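Across the two complexes that follow, subunit A remains constant while its partner is subunit B and subsequently subunit C.
Coming up: the complex of A and B.
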């Protein structure tokens, strides 16, 4: 058993690319689910349209990188409007079904043969991240070959490209957390929380519930789209199936794990989620490789960790729906 | 409380044990390219496939075996070029799309599957379950597609009925219902291929076992959650967690590949007017229709059926008029589990088995249920048939891989225009 590698990958995953991209998208989901009580099951689609918006603008249309970011953001706003208009009048469970359906439509269109010229079919698009890495200060300004430090015997190093992605990702997380923190303390944020608690009461106070829900959907969708950009840039590609329904469910697990309706809940949730996942996978895969576990192979270990995610989600909601930092009174899990 | 958790874990463990029969592992130390050539479900033997590196250095030339499979191990990861020799294909076959070269990438320690989709010569360049072949008129095609749509719609209806009744009686939007469908299909596979029973008794046993598991699921898990006072939304998210657990348990014990039952795999179609249909589909549709009618009559005529509808209508009122609500819910879960399993067996029969098969039709089930009106039993039937028909017939105009998009779009539009569905009553939905 190579414990050094296991500990190193586990510790790195606490701040790594996946943590960052899921974390920032989960902050967006927290605006929907945690603060407004919107059961949006289509968050992955916001990541998808953003990633594809960037990819298609740069690769197919040949426009510069920053235009692609703009197109991705506009696409996320448009998706929020498109998805919101039919769904925001609906009761929570209908909203969930329709947002899933909407996200599936987006994914199926991305992977369809009919639009292969634009979206690249099930292989997706690649080769759009050069503009991002061209301004990588960790490669062009600083000259270290890798960034990090040794924690005793455990090396914790990232390549310049990874460092740049992670740096940008954490800056975005800090910005998103700041925006959420300030907005939710404002009168606007109080209306959102009031909608979560009692929609009819808010309506009777003369507020347009639909309009507030729509603003919340757009805000959370735009924050979620940042996760899509980070995915596309970090892996230099986008594939349709990455933005499937399960991605959304993992984000729900993170939000609930950290604590819904808490500014840092999704971030902590994402860190814990990936640390646990990487640790479990590392230990089990090594144990299989070393022959300590003989009843399963490495592929099955990969599936086993998603079973643990499901089990974790079930147990959390039964025994601690408020997660680690949440407040039980602030969780929108009762039907209205 | 804790006991119930332990019991549910034991139930899952038992499930896993049951599924352990047909388990088989992919070789982990595989690095190369492989694939299977099939024409209308039949393996293609003796087709030549040449593998070269990206720059054109030949690696190996192979021919497919009697199962239609081929396998080329390679030393180095990287991009390869795979060429299918079209002249070695059977006379009547051609590669869909006409392109016989693929450029897959082999990753370290991984086998990449290379797909060559074959179709009979002269068929339109689109996917169809039973290919009517040749040039057919629009109306013949429409009739054929309508038949396939009915086939799909009946399967969706079976699954939707259980989902709708469970929703009606407990308020739970069960996202793990798709996995109950998969469960039925995989149980039948375990009895059929694993133990060696004929598919018919295997299917019957699978449906019974799934019914028992449905009962236990409510008895040990959902019933316990209801008693604890877990909120409806929390239960909905719990059902998502359960779906993840079940789906990946299927992946572990069933594997990621597609499989077929031992019997009735490839049947030559018989011609009925403009429709060409495999006899198995006709029988399957007959069984599905019979089950739906029996359940429908049971809902209308029997005491339990009436009680179930009463609970769905208003649980508090039903309880105060002397109906044992918990008992009704148990029966609904048992029936729901059993008929979802039947849907799975039928889906596995008319298509193939995969661990995601239930997940793949879950949204169609939701579409059917919503279209008919959430919580109404007969609405689920009508809605599902409409969805099935719509999906297949729409392939006359839309590319087949986008056919589900149409159905999901209809789901959204229905909620905009008539949120209570076709047969639902008007109440607060928004």
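Coming up: the complex of A and C.
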């Protein structure tokens, strides 16, 4: 078994592209679900409209990179308004239904034959990330062939492109966490948390519940859209099926794993999620390859690790529902 | 000692002023008051075939404590819901301080100065007691998104709000619970918290839906004190209550509802002897005693009847 490789990929995944893009989108979901109690099951759609907004603006319309970012952000805001206006007056369950359906509609439009000229069908779009890599300081300013260090015998190195994506990703995570931190200790955040507990009580104290839920939906959606940009730029492409419902479910796992309504909860959750996933895959794949495990082949390892993720989530909810950072007292009250 | 004397003087003044306003009023439903803060006309709410509320005309006197009583299912809570925008009346209109309030959403009703509490308490469980209180304050700078990001814009106001909250919590004997989650409070403490939180809004009219339900007798006494205190501070109180002893103790005027309609009004001392009220209660409650004194008189009556019967039997 090649332990060096296993440890190297596992450690790299703790800060890698996936961790960053899911982490930032999960911060947005935490604003919805953790702080406001909004059951948004369509977070992947916010990533989708942002990624495609950028892709279509640059490749189809031939406009500059930054315009694409702007279009993506506007698209995320519009999506939030579109899903929120009809549902935020209703009970929480309705938002769940509408967001899950809305996200599927968005994904199916992206992959539809009718709009193949614009969105590129099931193959998606590519070739819109040049503007981003043109300003990559790790390529054009610093000149190293790769960035990182050796941890004893374990090499931890990223290519200049990966380094640039990861760097930008962590800056965005820091910004998003900072904004969430400031907001959630302000009176504005207090209203959000109160809405999570009881909307009618908040109304009776003179606050417009609808307005705050809409602000929360837009904020979380815009933060989620950053994850979509990172995906598109890191892989230099977008495909419709990346923004499916399971992407949203991974983010729920991360939020709960790290601890809902905690500033760093989703980030830690995302790191743990990918570390465990990569570690389990690495160990199992090596064990199968080396002949220690004989009842399955390497192709089945990929499926097995998702089964283990599901099992882990179930165990987590039973034994530590408050997540890593959560406050046990809060959960005890909530489960009352 | 000296400091207390003027306060006591105003206490009696407020009470006498309120009582004077009611002195010469007819004991009829919908009787006009000298200075009404709330005027209600023809409010109707139906649930399918059931008419839960059908109130013709009703006025609430400013600066008074008015009790709203009636058997279970009389429509008191539903009536509160209509007035405060938590439910949409089928028809009707009402004005608060002369301003039309029908169709106004709940949060705007509260902002206008008309704040209610709920029969089933709504503590915000996973917020601390202090955060519950702070939430009640109005016109908070930090409640707008962009300003929230700049703490120096709202931190001074937050200190003021915290002091106001602390004062109220001390009055309601909850100051020891400041940093506890509201969800960890007992039922009675939640009632207290909800009332205190409503007062953070600095309302003109406080509408309390069974504030004493589930509160132990000792605490009830202090709650009664708080309610009287509200009148002393110039607020108007409208409250729903089933316990007649309590109603008699604190209210200046009593409104009786039954089957959705206001059937009688009058001073607390005599309202329960009103024929319409007796009918309404006996219809619903089958001789249930309404208070201890009622219980005694009912026992007396029953004993007398029994004795008379026995005498009759023996004479035969």
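To be clear about the criterion, the second predicted complex is superposed on the first by the 327 of 336 C-alpha atoms of A that agree within 3 Å, B and C clash if a C-alpha of one lies under 4 Å from a C-alpha of the other, contacts with A are read in each partner's own complex, and residues count from 1 in each chain.
Here, a residue touches a chain if its C-beta (ideal position, glycine included) is under 8 Å from a C-beta of that chain, and two chains touch if they have at least 3 such contacts.
This structure is a prediction, so every number in the text was calculated from the model and none was measured.
With both structures placed on the common chain, the touch criterion links A:186 to subunit C but leaves subunit B unconnected.
Of the two partner chains, subunit B is the only one that A:86 touches; subunit C does not reach it. Set side by side, subunit B and subunit C differ in how many residues of subunit A they touch, and the one touching more is B. Note: residues 333-334 of subunit A belong to the subunit B contact set and to the subunit C contact set alike, using the contact criterion stated above.
Against subunit A, the residues of subunit C that register as touching in their complex are 84-86, 105-108, 110-111, 115-118, 122-127, 131-132, 134-136, 138, 140-145, 147-149, 151, 154, 158, 181, 183-184, 197-198, 200-201.
Note for the complex: subunit B touches subunit A at residues 25-26, 28, 171, 173, 225, 228, 230-234, 236-238, 240-249, 251-252, 256, 363, 366-367, 370, 374, 399, 401-402, 404-405, 408-409, 411-413, 415-416, 419, 428-430. Every residue of subunit A that touches subunit C in the complex is listed here, in rising order: 179, 182-183, 185-191, 193-194, 196-198, 200-209, 215, 219, 329-330, 333-334, 336.
Those residues of subunit A lying in contact with subunit B across their complex are 39, 86-87, 89-94, 96-98, 100-102, 104-105, 108-109, 111-114, 246, 249, 252-253, 256, 296-300, 303-304, 306-307, 309-314, 317-318, 321, 332-335.
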